[in-house]
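What follows is a set of structures for review.
In the two assemblies presented below, subunit A is common to both, partnered first by subunit B and then by subunit C.
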Partner chain A sequence: MNGVNISEDLYQILPLIVLWGAACVILMGDVILWKRSRGITAFLSLASCLVAMWLVLQRVVSGDNTSAFHDSILNDPLALITTIALLVTASLSILLAWSYLKNRGMNHGEYYVLLILSVTGAMLMASANDLIILFIGLEILSFSLYILAGFSRNEVKSQESSLKYFLLGAFASAFLLYGIAMIYGGTGSINFDVIAKEIQGATAPNPMLMIGIALLLVGLGFKAAVIPFHQWTPDVYEGAPTSVTAYMAGAAKIGAFAAILRVFNTLMPFHEFWVPAIYIIAVLTMVFGNLLAITQTNVKRMLAYSSIAHAGYLLVAVVSMVTSNVTAHDQAIEGALFYLFAYIFMTIGAFGVLVYLSSHDKDYQTFDDIRGLARRHPLPAYLMMFFMLSLGGIPPTMGFVGKWLIFIAAIHSGQVGLAIVMALVSVAAVYYYLKVVWMMCFEAPTKAPSDIPANGFPALLSVTFCAIATVIFGVLPDLMINITGLIR
Partner chain B sequence: MPAVPTSYYLGLSGVLFTIGMIGVLIKRNPIVIFMCIELMLNAVNLSFIASGRHFGHMAGQMMVIFVMAIAAAEVAIGLGIIVAIFRTKETINIDEINLLKY
Partner chain C sequence: MSLVWLIPGLPLIGFLFHAFLGKSIVKSMGDANGKKTIGAIATGVVFASLLISVMVFMDLMKLAPMDQRQYVSLLPGGARIPWISIGSLHVYYMGIIDPLSLLMCFIVTGVGGVIHLYATGYMADDKDYPRFFTYFNLFIFFMLMLVLSENILLMFVGWEGVGLCSYLLISFWFEDVENSKAGNKAFIVNRIGDLGFSIGVMTIFAVFGTLSFYTPQGTGFLDMAAKGITPHGMLSVGAATLIALLLFMGACGKSAQFPLYVWLPDAMAGPTPVSALIHAATMVTAGVVMITRVSPLIVHSPIAMMVIACVGVFTAFYAATIAMTQNDIKKVLAYSTVSQLGYMFLGCGVGAFAAGMFHVTTHAFFKGLLFLGAGSVIHAMSGEQDMRKMGGLKDRIPVTFWTMVCAWLAISGIPPFAGFWSKDEILGSATGFPQYGMALYAVGMFTALMTAFYMTRLMMKTFWTKPRYKDEELGAHSSHGSDDSHSHDAKHHGVHESPPSMLISLVILAILSVIGGLVGIPGHNLFDKFLAPSVAPYPLKDGMPVPIGMLLGTAFGAVGIAVCVVMYNRRQETGDLLSPKEKASNALYKGSLNLWYVDAAYYKFFVTEGGKVAEFIWQGIDRALIDGIVNFVAGLLGFLSELFRRFQTGYIRAYAFMMLAGVVAVVISVLWPFLRHLHI
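== the complex of A and B ==
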């Protein structure tokens, strides 16, 4: 129980150590050893992510489930599964960036180092059993993302998105931190286990704890991009280089939702206090995320609003977690985890197609760019179609199964109203996803056909992997449910 | 000598946090906004220390060390971003940084 043995503690965070070590080695090697050969940098980053993933998978198989560093880090199945999702996101994003960075003239080795460091931050958030570890993880994730968003150094839009993300992000973390301080003041501890014990049997939080929970929700809601804390999302997603957007959309959301699931699981005794708040936020997020997406004329911006809407569906799972029925509780968490996997495959895939098509001087992003795409570049157009259908929740794709699982969980835990809202807005959402498909397949191209896209094999590999995963786990969801079911 | 009650410290921290928050909302210069965010973080530090003293354990003070380290890293990144945007745009007024909108 107590981490007396330091080597045992270090063994528990071995995947993190591997990634941190790799980041240091790559950062120095890129400058000193293999100057200019960014292929080696990308390859080593990918390899370190895969090694870390292997270590995590080993732990999943062996099923050891212990805490480290005096219970401040907990590698339970929830943490391990979200860690796998994060490492998949990182690996796919490294592949996406491989030739994109070179073509866009920003092929700096720091990109991969920052990407690895930010994924370690999100992994820390996922396995945090302690509010301060949660905060440190969030900041490691955010700091790397602030820099990555502004990575295109001579593009004003990228700089602007970085500045906006930074100022609003720092503002939101101040709220999160104040929330932590209030929870500490209200319970006398920052450890989730101790807090859970402290509030056992209580029905209403004391005022300090109440303010703390509210502020914590603001901070985490900002990271997860839920309405009304979403204003940064479309701007940052549009301005950041597309490969960064793909990564950010995946990693930040997984990290935030892993933390939300754990925090609100801990605060379960006070559910009467926080459920109404999350209920309202979930409805607002689903409705307005989808409505605002309809009017967009830029694919990146539209996908940003769609990612907000998807955060709303995930919040439905968080609300459904609150029930006396143990099966329904587990079902809700399983649904959320399945949906996170579905979300990363389809979102990274959709952004990945844009990365694949981007040219030397310009990101591929407006509706004019994709008009008639099926005639110019059939393969990426059809891949994009898969992702759009999956995002819209049309069977037999992963997006459909994910929505279905959350829908069922909501009904089982008695949140019928929320389930109905979710079903209705999902139907409305199909409109703007299909609009993209319509434009690609049935409208005449506004651009002359160009050569094969420049961003080559690695990006295509990553996008194809996403497409295959979207379809396979959509047809055979049991493969994935076997993994997410480990939380039981 | 009577000690200052913990609630006074917490009240002061709340006031400082609010001042910082208002500053973020009304100021138009990113550097000033950033200073206001630092004020918010330091207000939080005060409440950590006050609570830590109230409970008589070290956790509160340890957190402050972490928060200070994180705030220092934040300064490095924030100023870096502001310098980068000044180089491309020659202004850092928030109202003029408005390419991305609906």
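== the complex of A and C ==
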């Protein structure tokens, strides 16, 4: 409509431009200017993320949410809030990687560049108001992640995870793209606003549009790791370097759910068609995500299934959006956004503890590795305990508040069945989270108590930040709800 | 008035101070100086509270009687922050300043301060000195919360808090398992009463929709009860009876009334200042205070009043029968306390709430003094508590003796000592009680006779009869798990008078025991007039004329004393009325000595048999049934998890196939509404 002024359009994507620019500069600089001093690379990456975050926050404060590039980019509160979450994820992940890469012998500057690029992809997904932009964002995100997953070039598992992720991701992208084509066929547009208008006026829905929606759900569901499109998750999470897993678990999920929330909010008039599918997927994801986590003996795999289960809880919020009650609708979106923040803090924190503990000769992964941790390394063990309690939804942590908000939203929009399933599986979930605590605190260590975490200050800073956020927003959820409430 | 928050605030500060710094002070300042500092601070804060209470009292007395109910915040600076705010339930940290709460403030901080002073001497040799005063100050704080509270829930906090301190102090010397058991017994028996109390609180909320006693707007539940209304209409007798009896159940636990009295005698395992302060002067009277506080509600239920009066008078009589034969000096006083508390409830039960509170006041003086005196005797005897091994202490510890005499005459009801006036007022009121007033009076009067007898017995055995010990033996065997386990050094061998800090306390309380009752002389009863704004008026019919009542009361007391003196004078040598052979054959004596086998029966029925029930619930229901279900579910989940794990083959083709199946399912699900339409 209005996007004639190109400088105005560019201003709207300024955070993205900053990050892209930084990525280029860092990539060149890393090769030419400051060879081998990755500290500068990491620092500049972190700085660029923080600058971008500052720009986004300014936009949040000023409260202007205009669209750009002929309505294909929309910086509404939903986009801005998810973008903040993404940039927080990226910053925390950069801190985690700082010394982990050095210790694990993969200290290459591309890591940071890829990380920044992938976060721009996820940001693009969050602000996409158009199916093609959504697809481009998803691909930028995915390509970087495929490479990052295989970043540990000497480890077969890492290579395997990269390949698996790539092949299955390509498979899913094909469905997504096909879905976009179908939607275009059904409505004649790729722009969400136009599609919304189109279906608002439609008396009977178009089957082609419906198939398109189904395939779109598949593509996004793959990224969000929901059952039955989840099977890559444990393998990839386990194989990828832990710092990548932490980042991937956060960024991909946020990007996917930002898109899911926007797409299905747009498709609200046809809810009777897509709600049953998401309902069933939500139940399956919650039940089997938690069920399968129970028997895992590898912390990373366990957290992978836990991340699947959390995607299920978020889907409950998506289903709960569907209600004539405006308050309940907003509550559901707010709950989902709060939960995303809770999710990144506790998940990155949990993976971060593993990152912090890993040294050049040992990658912390299995339950055996963390057995008796509280006696060997009390600080990371107790931080881990916080994250486990939060993941299990025990007050006074953020995980509890998030779960509670979604639970309430579900009840208010009449999804009592989903709320009950959610409550029941949460009980089962506590088992495997507390098992980690049990392993750390009550079992005798299997290793000599001499190994010292070598991953230094940045990782600890990142993990501590997560722990503090988990507790502060758990005790004073209003601080966060003030931010997520901006969507109203 | 703006200083009211300091009344409980100062002891709380004292508590925090001792709790966090007490040990390091003793360490850094040296044992003697450190203990002196702690003792001075602990005693100082209590007396400072007393001083503020006096100032508040001055302020209050300037007001007209109908204005003598002030609402004040118990938070610093008069802040009004809600403690609980849920739905229609709003509870604030508010206090009520009225004659009743101020009277109790005086008793708690006044008598409490004196006993603190005493304890600085009594506990001087104890290694856990800071811990003792930590608990002691905490007790004062909770007791003041209890009496000052504006609502029954905050009162309950104080109620439970003093219970906690009681427990901690009874088992103060926890190395001896008997002391810990006594603490547990007190705590558990009180729990039974507290169950009634807490259900009573909930019933009050259900009936009145508020927990505040009084509010400035007149919406407190006592405001309503005084008018005989509830928010939903008239206050029914049934509701009033239910609430009154539930609250009285709590009072029975805290104030050691039949059948929940069994913990109080065992509570004497604590240090003697504890027995004096908590288990004689203040905490055990909390039940009377609470019943008096809710008196506007109580008077609506004749049944509840009758129950309170009967339980009270029966407990008074019953405990007196046991006190007749006990040999442990503190046990005698303990049963005497139970008995005197019975009198107080008799007063409340017959509607003479002010008289009940009067007896609370005088009892705090003379019973506190008796315990402190007993502590001094025990101190003098180097830890001996058995009166059979005492005697002839009259001239050896004269200050203790003479102060004890004051208390003895006071409790025996000899005018003009304090106890006479209050006991007389209660019994006089009983005669005016419409139902069975004379019967209540008769039992009460006979109990007064027994009281005079057993107290004289205590005095005879301790002070007048011939010594039944040798000086050089004292202190050699030190303590045997009983009270007063502090170590005695060489100079303490033999009978010795107590240090000045203890004697000052004795003298102060002795003076109060002598003159304390003069504020309630019939005809010029300043006490009743003072308390009138706080208690519900209850019309009693004309009972026995006051002069006759006073005469009879004095006569009964005098007869009790005389009989006892005569009898013991004949047994100067042994100090025992019955020979061992008579003791073995006398059923009454054996019954009384063995506490009428009630404690044994409780033990058999509740601990042994109840333990079997608990055992069954644990093994049969909890372990087999509930754990069985839980373990079954857990096992099932584990099995399922193991089963579905097999789908995670690691092969991309399998994953892709699963995805494809998912795609088909999702597409079908989305198209399902169409398909349905097509077929129809």
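In this section, the second predicted complex is superposed on the first by the 482 of 488 C-alpha atoms of A that agree within 3 Å, B and C clash if a C-alpha of one lies under 4 Å from a C-alpha of the other, contacts with A are read in each partner's own complex, and residues count from 1 in each chain.
In this section, a residue touches a chain if its C-beta (ideal position, glycine included) is under 8 Å from a C-beta of that chain, and two chains touch if they have at least 3 such contacts.
As the structure is a computational prediction, the values presented were derived from the model and not from experiment.
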Would you sort A:Phe273 into first (subunit B), second (subunit C), both or neither based on which partner it touches?
second
Report for A:Phe229: first if it touches subunit B alone, second if subunit C alone, otherwise both or neither.
second
Looking at the overlay, does A:Arg153 come into contact with subunit B only (first), subunit C only (second), both, or neither?
first
For A:Gly185, select first, second, both or neither according to whether it touches subunit B, subunit C, the two together, or no partner.
first
Identify the partner contact of A:Ala428: answer first if only subunit B is touched, second if only subunit C is, both if each is, neither if none is.
second
Output check: A:Leu167 vs subunit B and subunit C. Expected answer is one of first, second, both, neither. What do you get?
both
Let me test your reading of the model: by the given contact rule, A:Glu139 touches which partner, first (subunit B), second (subunit C), both or neither?
first
Once chain A of both complexes is superposed, is A:Phe442 in touch with subunit B (first), subunit C (second), both, or neither?
neither
Identify the partner contact of A:Phe457: answer first if only subunit B is touched, second if only subunit C is, both if each is, neither if none is.
neither
Common interface positions of subunit A, toward subunit B and toward subunit C:
164, 167, 171, 234-235
Which bits of subunit C are touching subunit A when the two form their complex?
634, 637-638, 640-642, 644-645, 647-648, 650, 652, 654-656, 658-659, 661-663, 665-667, 669-674
Footprint of subunit A on subunit B - complex, ascending
10, 13, 17, 20-21, 24, 30, 33-34, 37, 40-41, 43-44, 47-48, 50-51, 54-55, 59-60, 62-63, 66-67, 70, 73-74, 77-78, 80-82, 84-85, 88-89, 97-102
Touching residues (chain side subunit A, partner subunit B) in the complex
132, 135-136, 139, 143, 146-147, 150, 153-157, 159-164, 166-167, 170-171, 174, 177-178, 180-182, 184-185, 188-190, 234-235, 238-239
Subunit A residues within the subunit C interface of the complex
164, 167-168, 171-172, 175, 205, 207, 210-211, 213-215, 217-218, 222, 227-229, 231-232, 234-235, 272-274, 276-277, 280-281, 288, 291-295, 428, 431
